[in-house]
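Chain IDs A, B, C, D, E, F, G and H follow the sequence of writing; residue 1 opens each chain.
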Amino acid sequence: MKIKVNGKTVETQGGTLAALLDELGFSGKKIATAVNEEFVPATKRETHQLADGDRVEIVAPRQGG
Amino acid sequence: MKIKVNGKTVETQGGTLAALLDELGFSGKKIATAVNEEFVPATKRETHQLADGDRVEIVAPRQGG
Amino acid sequence: MKIKVNGKTVETQGGTLAALLDELGFSGKKIATAVNEEFVPATKRETHQLADGDRVEIVAPRQGG
Amino acid sequence: MKIKVNGKTVETQGGTLAALLDELGFSGKKIATAVNEEFVPATKRETHQLADGDRVEIVAPRQGG
Amino acid sequence: MPVFYGTEIASRMMLGTAQYPSPAILANAFRRSGAGVATVSVRREAGGERAGQDFWALIKQLKVAVLPNTAGCHSVREAVTTAHMARELFDTPWIKLEVIGHTDSLQPDPFGLVEAARILCEDGFQVFPYCTEDLILCERLLNAGCKVLMPWGAPIGTGLGLNNIYGLRSLRANYPDVPLVIDAGLGLPSQAAQAMEMGFDAVLLNTAVAKAGDPVVMAEAFARAVEAGAMARKADPMEPRDMAAPSTPILGKPLL
Amino acid sequence: MPVFYGTEIASRMMLGTAQYPSPAILANAFRRSGAGVATVSVRREAGGERAGQDFWALIKQLKVAVLPNTAGCHSVREAVTTAHMARELFDTPWIKLEVIGHTDSLQPDPFGLVEAARILCEDGFQVFPYCTEDLILCERLLNAGCKVLMPWGAPIGTGLGLNNIYGLRSLRANYPDVPLVIDAGLGLPSQAAQAMEMGFDAVLLNTAVAKAGDPVVMAEAFARAVEAGAMARKADPMEPRDMAAPSTPILGKPLL
Amino acid sequence: MPVFYGTEIASRMMLGTAQYPSPAILANAFRRSGAGVATVSVRREAGGERAGQDFWALIKQLKVAVLPNTAGCHSVREAVTTAHMARELFDTPWIKLEVIGHTDSLQPDPFGLVEAARILCEDGFQVFPYCTEDLILCERLLNAGCKVLMPWGAPIGTGLGLNNIYGLRSLRANYPDVPLVIDAGLGLPSQAAQAMEMGFDAVLLNTAVAKAGDPVVMAEAFARAVEAGAMARKADPMEPRDMAAPSTPILGKPLL
Amino acid sequence: MPVFYGTEIASRMMLGTAQYPSPAILANAFRRSGAGVATVSVRREAGGERAGQDFWALIKQLKVAVLPNTAGCHSVREAVTTAHMARELFDTPWIKLEVIGHTDSLQPDPFGLVEAARILCEDGFQVFPYCTEDLILCERLLNAGCKVLMPWGAPIGTGLGLNNIYGLRSLRANYPDVPLVIDAGLGLPSQAAQAMEMGFDAVLLNTAVAKAGDPVVMAEAFARAVEAGAMARKADPMEPRDMAAPSTPILGKPLL
């Protein structure tokens, strides 16, 4: 199925948010996530099932003022 | 019955707002009225029945900045 | 002889300041004069003899702030 | 004779400025002097003869901005 | 000249009617200033009393547009009810909407102001909101239906002038087509002239005129300053520069 | 109205004659502003030339007092000789005395200015010194015989307004009875109004008017601002205060 | 020293982490300034990317409190979701809440700000709202549960300093016990010192330091200015006066 | 660090010694501020008196350069004789030359100042003239032999800060290589920082420190502010801009 990750369309066989992060090489990285504009805490990634067309945002620490 | 007019308690035999205004000597004067914090237009004074304890405000033009 | 008039060298047969002004076409014009950085009033022009190398300034009214 | 010292009249038998300073108890103190509005350096005090009516100023270090 | 809700006013000066030494002085201040709008309020009156009736007689002969206010209202409900009474009393849809949020500064309450403005605009009022220079507040007021904005220069009655020049410039720049009136805080004509030079459409004054030693002369002084500032804006002022430039030509200077 | 050496002028605005787009615009700027004094200069003219003669014809029909200047003079000698030529040319004892001490800022030279002022006053001139707000300089100029002072607001042609408000206030306070004219540096009518509110007697302008997009309208704008400021001074303005004070009476406010 | 939500910070200077020429310069700016709080943001990162991870490593070794922001959020929803991601990512309840209402000025949206602040405070966040000096807005933010306020001095990145001195003084006076941080708009250390002299508790800077020719030296300059201003406030400054008063005693002056 | 007549001073802060609550507080103010120069005066002393001797003992242990003044002198003669007494008394060629021309403002007399400076420079003194920002006066003082200038910020003891920013900037720009010290008028550290940001080399203070509630803390506050301003100048500050610019990067902002 197709999922938007940080604005880019990604083809994935789906499953959980955790699986997707793994697949995309985020394991062990300091990130936070939202799906369809809702925050998804790390503790929920294992159980959060993604659906076709979901919009996933993956963010990391960055410079700020 | 007792009615508060511009903050002062007035003893009246009641009736309409129009009657009260008459009784208090407002006939023909340029005023506007509110009862219990609600505006009562001139056109409604004849029909507006006052109840015991009503709070009537009667205002006229005055200096303003 | 040679005289500097408003910064330009002028060849003249000399004589008085009045004569020079005449010769240069200033007759009847609203002007004031100085010779060698000294003011020469209109009343003195007739009698003021010019010498070779004199520096004559002739000014008229002009815009000012 | 009479001498003005710092604005006050002082009766003294006269002599040099050095003598006066001695007499007034300035020996060994950090001061500077002027007589009749003229500065008199320390090196001249021995030889500076005072005259009746002289105005002597004796100053020391003080707070300043 | 400024146009408020379709009505063109013949003067950029709006004047309050409070605090004058006498009715005669009030009337002369209006005449001498040529102010085109008078602000008024609604206050309690007893049956025997004549004050309100006499005041109204005085205002009518000024032949100016009347702008009733909701001065002293701290809640939306108060302000709305007061507006209704004023509309009937003065027979005008115009209302200077004050919803005060802070007692010491008489600062407008942005939240109550927007809500009251929305209610009144929907009810057919033509609202003149007494507001701050806050850009977002002003945008909300316009969205609520206001077609005029009246940002403060400084708190009412202080005479401090324009406290936030940057903010006021920025408001003017963001809403070039909305009539903007500096309401409150002015103390001197030079401040009113400056507001006009900055591109504001009008000023609304009261204390600075009424509390001057000679209110009539001060009223005229403000009127002229306002015209002066507006003309200057129109005449396109020179750009200020750091280095001097001679006005008198150097060319032709005699050598002396 | 200001009195300069015994001559009362009908306006507090004095206007320069340089840098206008055209003679017609110059003339209209004077008419619309009602300026009572025109500053002029003396410059070289050749026999064939008509410029000076035509300019003079223009000025004469303005029917204003003429104040010749010594613009561009850096030495006492230059200034004095120029003053003599100007006195004969314009047939007036009045002279706007400029002795420039610094080329970039066109700042007056306090030292040369006092010396030139002394020489000219002794010679019967009525000197209008272009000076700074320096209190001691101004005292020396008065001692030299000057009966008017013309401190700068800012350097000539900058349009920066009043650079040293404190110094100018202090000058006004120290010489309450000497006619004081703000000469040079003004860019906007609000600045001229402020100078009048501070108690100055007049302003002398040139660049801000001549270099405006519309010099005629700007001239009138300044004229009104100057009147406004002078009237405000006369009308005794309110004292500014930090805390707000309602203009509309609180007494009688309905309970809603 | 300022106490934010029970945490005392060892410095009155808070520093942003953006726009530095290099990570090393960022680190040195923090060291030399002794800033006690660093603001950070959350941004997208791709799987392969290391930027965020490296940045985080850098920040950790600074040993300062981390204050994540919601920079660039224009809606309440955006700001709230961003705050949640930041809380998890940086493992802190602190959030610098920005709800921008106007693109050109980056002015806070008073309405969205209060709503977002209420939601986040109820959810256990410790909110540092980037706000204006508006007294009513600030009161609403305090009622929403904020225990710190961060009014702007001027729009972000302008370096204009304190645009509304009067409004900021009035805010300080109204909330003597609330920690107040000047956030945004400062360009020079003297402006930061002035803010402290006015009684503010801290300043939050970024552009003025990061965009200086030498960010490290500028960071230290601001740090010293902030200390200077805070000490001055504590030391109770003299009252300014209009008339001069000699510092050197006149008594005992010799007659010469 | 500033170099005065070939002597480099370790601090940009110069401090007066008058008006302190006690000698101990004076001494601590110097220690905490690290001021490198102390101004002193000469005053009458009687034979029995010890005041001057004790004061001198106190100053000596401060281990700072001593700059005697001619405070209170109104004539050239007074100032010159006082300078001579001071040179002998303090065994230094340095003299802070004050020739006061106006009693209320304690304004320097430009005319007497230049004359006294010429006499003293010819006589081997190293003159620190207390002057105004007047460009021509300053040029004359340099021509007279002065190698330092000390323009006022505001009249002595007023604490008003920098009254003529434009004039002071222009002085700095015209004499980039002459040590310039702001002498007198400062009331707050932020003003001292601003003077340094404008490029001045040092400040000389007295009243603002001695008359503060806590002179010792205020002395340190000024010292830090002066360093802050000097560092800022060195670090090349950002250019102020009218429009906002986000500090946090917009790139990578999540879509929420």
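One rule holds for everything that comes next: contacts are C-beta pairs under 8 Å (C-beta built on N, C-alpha and C of every residue); 3 or more make two chains touch, one makes a residue touch a chain.
Here the structure is a predicted model, which is why all the values come from computation and not from measurement.
In summary, the chains found to touch both chain B and chain H are F.
In summary, the interface at C-F recurs among the listed pairs D-H, B-F or C-E; the equivalent pair, sharing over half of its contacts by residue number, is D-H.
With centres set at the average Cα position, the gap from chain A to chain H is 63 Å. A straight line joining the Cα centres of chain A and chain C is 94 Å long. Taking the mean of the C-alpha atoms as each chain's centre, chain B and chain G sit 55 Å apart.
In chain B, 6-7, 34, 37, 57, 59, 62-65 are the positions where the chain touches two or more neighbouring chains simultaneously.
In chain G, the residues that reach two or more other chains under the touch definition are 16, 18-19, 41-45, 69, 71, 77, 81, 85, 104-105, 156, 160, 206-207, 246-249, 252, 254, 256. On the side of chain D, the complex with chain G involves touching residues 6-7, 34, 37, 55, 57, 59, 62-65. Listed in rising order, the residues of chain E touching chain G in the complex are 101-102, 104-105, 107-111, 114, 132, 134-137, 139-140, 154, 160, 163-167, 170, 174. The residues of chain G lying in touch with chain H in their complex are 16, 18-19, 41-45, 69, 71-73, 77-78, 81-82, 85, 104-106, 155-161, 187-191, 193-194, 197, 206-208, 210-215, 217-218, 220-225, 227-229, 231-232, 234-254, 256. The part of chain A that touches chain G in the complex is made up of residues 6-7, 24-26, 29-34, 37-39, 41-42, 57-65. Those residues of chain H that touch chain D in the complex are listed here as 16-20, 39-49, 51-53, 55-56, 59, 68-69, 71, 77, 81, 84-86, 88-90, 156, 184, 206-207.
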